[in-house]
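Only one structure is covered here, and it is reproduced in the block below.
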Amino acid sequence: MMKWKTAISTHKDGELYVRGHALAGLINKHSFTEMIFLLLAKRMPNEKEVKLLDAVLVSCAEHGVEAPSAFSARVSVSTGNSLHAALAAGILATGEWHGGALEKAAEYLQSEKTPSQIVRDVRESGGRLAGLGHKIYKDKDPRAELLFAKAKELGFSGNYVLRMHELQNELEKQSGKKLPINIDGAGAALISELGFDWRLGKAIFVLGRLPGMIAHAHEEMVNEKPYRRFSEEDVEYVGPEPREEFL
Amino acid sequence: MMKWKTAISTHKDGELYVRGHALAGLINKHSFTEMIFLLLAKRMPNEKEVKLLDAVLVSCAEHGVEAPSAFSARVSVSTGNSLHAALAAGILATGEWHGGALEKAAEYLQSEKTPSQIVRDVRESGGRLAGLGHKIYKDKDPRAELLFAKAKELGFSGNYVLRMHELQNELEKQSGKKLPINIDGAGAALISELGFDWRLGKAIFVLGRLPGMIAHAHEEMVNEKPYRRFSEEDVEYVGPEPREEFL
Amino acid sequence: MMKWKTAISTHKDGELYVRGHALAGLINKHSFTEMIFLLLAKRMPNEKEVKLLDAVLVSCAEHGVEAPSAFSARVSVSTGNSLHAALAAGILATGEWHGGALEKAAEYLQSEKTPSQIVRDVRESGGRLAGLGHKIYKDKDPRAELLFAKAKELGFSGNYVLRMHELQNELEKQSGKKLPINIDGAGAALISELGFDWRLGKAIFVLGRLPGMIAHAHEEMVNEKPYRRFSEEDVEYVGPEPREEFL
Amino acid sequence: MMKWKTAISTHKDGELYVRGHALAGLINKHSFTEMIFLLLAKRMPNEKEVKLLDAVLVSCAEHGVEAPSAFSARVSVSTGNSLHAALAAGILATGEWHGGALEKAAEYLQSEKTPSQIVRDVRESGGRLAGLGHKIYKDKDPRAELLFAKAKELGFSGNYVLRMHELQNELEKQSGKKLPINIDGAGAALISELGFDWRLGKAIFVLGRLPGMIAHAHEEMVNEKPYRRFSEEDVEYVGPEPREEFL
């Protein structure tokens, strides 16, 4: 028989208690962001922690229809799926390269290695350092600066913010390249300041991202006809010659 | 070539604007719940609307490990999947019967039919009226009462709340059975008060539910060994006799 | 405790028996198509049934990269997901409008209504008759003809093939429009001839389709760099004017 | 604009050509297993290759309702999802630990390292060698022996079969433990003999597995009522004490 051990919630006298807090009280007095914090960090946040988490989640919410998590959700709706199934499709179009840098950078920040070791290991494995660099912004990523300013304004100690900058400096030292901390690197520092396990990184991105996916999938459902396909002109065929003897 | 038409966001001078609002300003000054409202209802909410949406989302967040959306996410992690893929699995374990009643009830509330027609149509099709009835609570569902009290306290006009009660009365009239409005029925009334399209119902449930799924999948990832299976004793075989001549 | 009742397989003396057949014998003497038939139709097929099922499955396997199930699987890989998670994404881009017509047409064929009733009901509900009509082929769909020829060559009774043609005639009678039976309509007739429940229709499509999705996702994984996005020029923005006061 | 480069299929004069073969000819003359081989190995197989691939696919098809990929698909159906969405859920319950060993072992077999290096690297990283060992069979895994016998009977050169046995011997040499080659190790050797890229491993498992998932999801849909949950007695709560002051 399958048995589940959990510290998340339990029932007592017909009431559900989440991390010890009665659901009734949570519904009555707490915001969604507080509930998220309680569930993921295992305690009720203070007001400043709520504001910082809000900033991180809002920063993930919308990236335009061009982003794979947005258009994949739309495509799923367009072939006739329920909106909730389309959200699953959208989530399966996030990953290592779309949303994954937040988690990867948080892993560096929370590891026990020194910045110098981290940079060396990543460079030796031929990878790129997550959280640094941007296609357009060469000097500073303004959205990352915004998140850092928020953390400072709210009085966070900044140890992880500092460590993210150490990674940036270390990379410059080892490679000669100065890359800006991007929004993923800033987000990684902030969720680490908030005490979230780095392994929650992609999930926090997905959670912040979900309202955007919903808006896109719903817009597709309401306004567009079935269904999305590419056309032959979008395709370059590089395979074996069609052989008519097979017809 | 595939073309996308969207009213959700656009870029101007390197800045993303969501429903006309600069992302920088949203990160800087607005909560996650405000961002959700802006994306889904297409305008910035006032303070009372934020509080009501918070209450609805919080009410969906956690149902215990027993709920299919929670344990399916855990099972996916347990077989070695990324946390974000596990969230897709969890979402695919919500649907018509787990989370779907919120959307169905909102559809009734926003339809142009009279309560009497709605109840008649549902009864004739052999279905059950979504948003009414509960396994344990026979008279009143206290979580539904909590949501209604919240709406009243915040000063919502209550037309949809009223209409949900009319459905309840109409069902009693037609069937002789008095069923309590449950949490899905209350949630349906509240998202309708907030101006959300009923077709967003399941997605709003999934969004509220996601933090709970994340907490469960993460707990599984951190604490448990691979992987979850049932055992033979959980299975009753009712198929053809094993035939040894096939060996 | 969750209990499962199943007629699909059981263990005896360390051997798995599928629908009564020892797995060892199945591995040793039977083809994949026979195994599919055994699992879904609950008995071992004869040689002709195998060939007909082969024809249906092969006809679903590949539709070009333009099809949503192909490119959605590729997009999922391109953002860094495992190939198997990408297959889930590809499946979530099939549905009512991409693959669903096979199931819908099989539902008509296996219903107890007369062709005349079916056509009337579909027309009254404002829908289109699944299995009939094609963008390019106005007279005959050559792939459907191929499947019908196969069924005839293999000596199938043809009752469902006949009924599919009756639906075609009935539509012409009621609407004045002569539409060709398409590949979905032909597939629906053939799986009905084979005794498959119509509710397996989308699943049979997905099964036949999966090798194509795998080929596409694998090609993306091996040949392409992360990750697929649309560009701004693919987007037409129709929302509210960006307002700089929000910056 | 998103452009796709593909070697899988193209259209010419209204006919689809898959790896150069006209779809009409494929439907007319070839089995599903041949189509799978053509799509994944990029050429038409001979008769012996078809039989070997059949054996591998059949060996994956059914593992009982106890397996996560089976019961997760059932749970998804039970909450009201379409059968095809439930297949996506089932696939998201395969992974590293359920189906993943086939791919991992094939990676070893196709790597350029010596068996001794492979075993050393795996042991140093603290992992277990995929493809070796079984809960019940301590000496020989009869299903693996069956697959090896099949390969021999069909005249495969056996280089990869040999290499799998070298890994087994090397592990015994380095660890003193003699573990049997299991069905994943045998399958890995066989798909390598057939020329499949190891990165197709999980996808081949999923493809072979899909008919079993379909049978289970369909059985749930036809026979069972909504919806699957665990009960409180299946749960052990280990979190903070419910605090009534929060009520």
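Worth a mention:
Chains: A, B, C and D, in written order; residue numbering restarts at 1 for each.
To be clear about the criterion, a contact is a pair of C-beta atoms (placed from the backbone, for glycine too) under 8 Å apart; a residue touches a chain by one contact, two chains touch by 3 or more.
Owing to the predicted nature of the structure, the values given are computational and were not obtained by experimental measurement.
A count of C-beta contacts for the chain pairs C-D and B-C puts C-D on top.
A straight line joining the Cα centres of chain C and chain D is 22 Å long. With centres defined as mean CA coordinates, chain D is found 34 Å away from chain B. Between chain B and chain C the centroid-to-centroid distance comes to 30 Å (mean Cα coordinates, whole Å).
Annotation for chain D: residues 1-2, 4-11, 24, 26, 64-66, 71, 81-82, 85, 88-89, 92, 94-95, 99, 228-232, 234-235 touch two or more other chains.
Viewed as a contact network, the protein chains are fully connected, with every chain touching every other.
For chain D in complex with chain B, the touching residues are 1-2, 64-69, 71-72, 75-76, 78-81, 85-86, 88-89, 92-100, 226-232, 234-235.
Every residue of chain A that touches chain B in the complex is listed here, in rising order: 1-2, 4-11, 14, 16, 18, 23-24, 26-28, 30-33, 35-36, 39-40, 50-51, 53-55, 57-59, 61-66, 71, 74, 82-85, 87-89, 91-92, 94-95, 99, 136, 142-143, 146-147, 150, 197, 199-200, 202-208, 210-212, 214-219, 221-224, 228-231, 233-234. On chain B, the positions that touch chain C within their shared complex are 1-12, 15, 17, 19-22, 24-26, 81-82, 85, 88, 230, 232, 234-244, 246-247.
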